[in-house]
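What follows is a set of structures to go through.
There are two complexes below, and they share chain A, which is joined by chain B in the first and by chain C in the second.
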Partner chain A sequence: MIREEIEKEIKNIFRREFEVENPGLDDNLREAYGFDSIDAIELLLEIEKMLGFELTQEEKKQAMEIRTINQICDYVEKIIRARVAAGK
Partner chain B sequence: MKIIQRLTDLVITLLLWSYFLFGSVAFFFLLYIPAYLFSKDRVRTFQKLSYLHMKIFFTLVRLLVLRTKFVIQEEVRAIRSSVIVCNHISYLDPILLISLLPQQCTIVKSTFFTVPFFGWLLRNSGYIPSTPSEMTGPAMIKNLENIKKHLASGGNLFVFPEGTRSRNGKLTEFNKGVFSIARYCAAPLQLVLLQGTNDLFRPGSFLFGTRNFSRIEVKIIRCLKPDYASENFSAAVLADQSRAFFEDAVSRDADR
Partner chain C sequence: MPGKKRIVITGLGTINAVADNVSDFAAALRAGVCGIGPLNLFETSGFRSQNGGQIKNFAARNYIPRDFSLKRMSRADMLSLAATLAAFSQAGLYPLPPQLKEETGVSIGGGSGGLLEAEFFYRDYLKKGGGHVHFSGLSSVYCASSADRIASTLGLSGPKATFMTACSAGATAIGYARDLIVNGQARIMLAGGVEPMCRITYAAFNALKSLDPGVCHPFDRDREGLSLGEAAAVLVLESLDTALARGARVIGELLGYGVTCDSFHMTAPDEKASGAVRSMRAALSDSGLTPHDVDYINAHGTGTPVNDVMETTAIKEVFGRRAYNLPVSSTKAMTAHTLGAAGALEAIVSLLALQHGFIPPTINYRNPDPLCDLDYVTDGSRPADLRIVLSNSFAFGGNNTTLILGKYDEKGNWNG
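What follows is the complex of A and B.
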């Protein structure tokens, strides 16, 4: 999955799940859209669905500090790279 | 006559809260402390002790408040590994649920965790504070993983999605948080309707209302097993659907 695809899919999730149209890539999600911790859990579950595998507890904990769409894309890229490197 | 009735309310209230207070102290020294020190599964043991404590409390309620009839659906006691969603009409609701469910946990207002003994009891029972520091960031994942394990081992999580007691018995808005938690844990939802606890112990009143004939009822109105993996799944929609089931059950009961 390349960066553009990840970005497109994350934006789709925001439109579908959180009714946020075209969020800015560096918008602070909490301040700009009232994104709370329960929304973060929903986002994590959607990311799992998108990737087709379950995230580890450690990976989930890392996600809870994310604040922007760009950071979400970095996070997803990092997970994909780690899984590829691990040969999974 | 009215004075005698008020006096009856006061005496029964004092008896019940005395049990609550002194029973808690007795439980603390005789059972909770040994469990804290020696139990291999402290959380589970604390939950069972609280269940026993509240069961005795409601046995006393039944003995002292003869005009209140309890109608508890047997299936409620048999619920396992589920997220239990309830309406909230009285302070009695959480303790009534604890008296019915041996393995239970819930999300509690964080201020209760600062109360001496009570806070210690809640924490050791695996209950979760609703404070932002516990429900955001990595701490939230830890709490959710603990809930997941608790459910997998046969326990239940009960939650009041309205957040606070209804003052007039009418349903207020449902918060979608509990439905997201259920999704995270891939757990079934049991919608449990509580009725009549607000007749026995009204919001805003210190006294138990022992003079009126009332009926406390606890029943499952729906068991939901959502397809969490579905493309169309939405926690907000599930919250709205669940609230509609409660509305329907409340209005059907009011028509009876």
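What follows is the complex of A and C.
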């Protein structure tokens, strides 16, 4: 997946699952949209669906510091790169 | 009622199978509109009935502005928030002045809570396995969620309570709200009930053989049971002094209430009707009224063979010979039985009857039952200048609550 596709899909998830329309890429999701810890777990589930595989506990831990859409996209890109590098 | 703080109602909000606002609801009650029909919220084949009082095409955003998040709200939460906003608007309290937030509370009766969403969760869980299911679908499963969401959405931080006394919950929530205001623990209370339809509740009543296979027909000789329904009904309660001080329009007065229990059976009412009799008498006593003062009874009137005979017996016991000249109707043949919301929905029915001067009919009635021989208002709604209405809610578990509502009278001369 290229960056634009990831960003588009993440925005779709926010619209569909969290009623957030066109979030700013660097908006603090908690402050701007009340995005909370339960939302974060739901988002990871949606990311798993998007990627077509389950995230490991280690990969999920890496998501703890995410605050913005751009950071989510970085995170997804990193996961994909790591999986490709590992030949999975 | 000298010395007692008078409690009035200044706002009403409801969404039910008959109407999605109070004004249409009043018109439908007067016209005798039946909101019971085939359900499409879930599959009903294999059940004794396929009918119910479903709120069709409910779209929360038609009632709740985008300023408020609906995230993780159940159908019950959204229905009750929608009814709350309507009630607050009518009371002139929307948006609520910030200085009132700490003095405003919520008291809600409920039953099924977020069970409908829990059913979807469980279906997905069985299909996909635990790791692939949105568990947030369970975050509103508990019955208190609706009161929680109303309070948190509107920033209310006064008292908050949820009642789960089955079909009397909505009425009991209103009585409790009255007490909080009288005792000075709240200035304004949102009080009411909410009940969504769901498979589990429907299946339970089906198993009890309590569902009428067609459409319920209370007090009728051939009645076979109740029709289940869903609704949210919310009232704004405050003291008369508060209402007058802020220039609110008073819709009606809550004169008193009574609560008793049967200690008899899990589902059946006590045939001797002692719990129901004591509930009505407690409400009359609390209101400072006598049976002679009551102009109309909005009955519990579920349409089950046992309830309607028991309630008739109780009314005769409390009202004596006057029972035969006292109009009694069940509006459940229009709205269906909305369980945890029913007591609050029927409080709204009673207030609309007082406000608009009519007695809503018992529709779908066909044949007289020798054991139910009162005036059930079966020939359409009836114009009537009502002053005092008594509303019964008699629930499973022997939970009985009676509310007494009055037309707003500046002087408060209820028995003179």
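Keep this in mind: the second predicted complex is superposed on the first by the 88 of 88 C-alpha atoms of A that agree within 3 Å, B and C clash if a C-alpha of one lies under 4 Å from a C-alpha of the other, contacts with A are read in each partner's own complex, and residues count from 1 in each chain.
Following the convention adopted for this analysis, a residue touches a chain if its C-beta (ideal position, glycine included) is under 8 Å from a C-beta of that chain, and two chains touch if they have at least 3 such contacts.
Remember, predicted model here, so these are calculated numbers, not experimental data.
By the touch criterion stated above, A:M64 is placed in contact with chain B alone, chain C being left untouched.
After overlaying the two complexes on the shared chain, residue contacts for A:E54 are found with chain C alone; chain B is out of touch.
Between chain B and chain C, the partner in contact with more residues of chain A is B.
When the two structures are aligned on the shared chain, A:N22 is found in touch with neither chain B nor chain C.
In the superposition on chain A, contact is made by A:I38 with both chain B and chain C.
Comparing which residues of chain A touch chain B with which touch chain C, the overlap comprises 38, 41-42, 45. Contact residues on chain C toward chain A in their complex (touch as defined above): 66, 69-72, 131-132, 134-136, 139. By the touch criterion given at the top, residues 17, 36-38, 40-42, 45, 49, 57, 60-61, 64-65 of chain A touch chain B in their complex. Looking at the complex, you find that chain A touches chain C at residues 18-19, 34, 38-39, 41-42, 45, 48, 54. Across the complex, chain A is touched by residues 132, 135-138, 140-142, 144-145, 176-177, 180-181, 183-184, 228-229, 234-235 of chain B.
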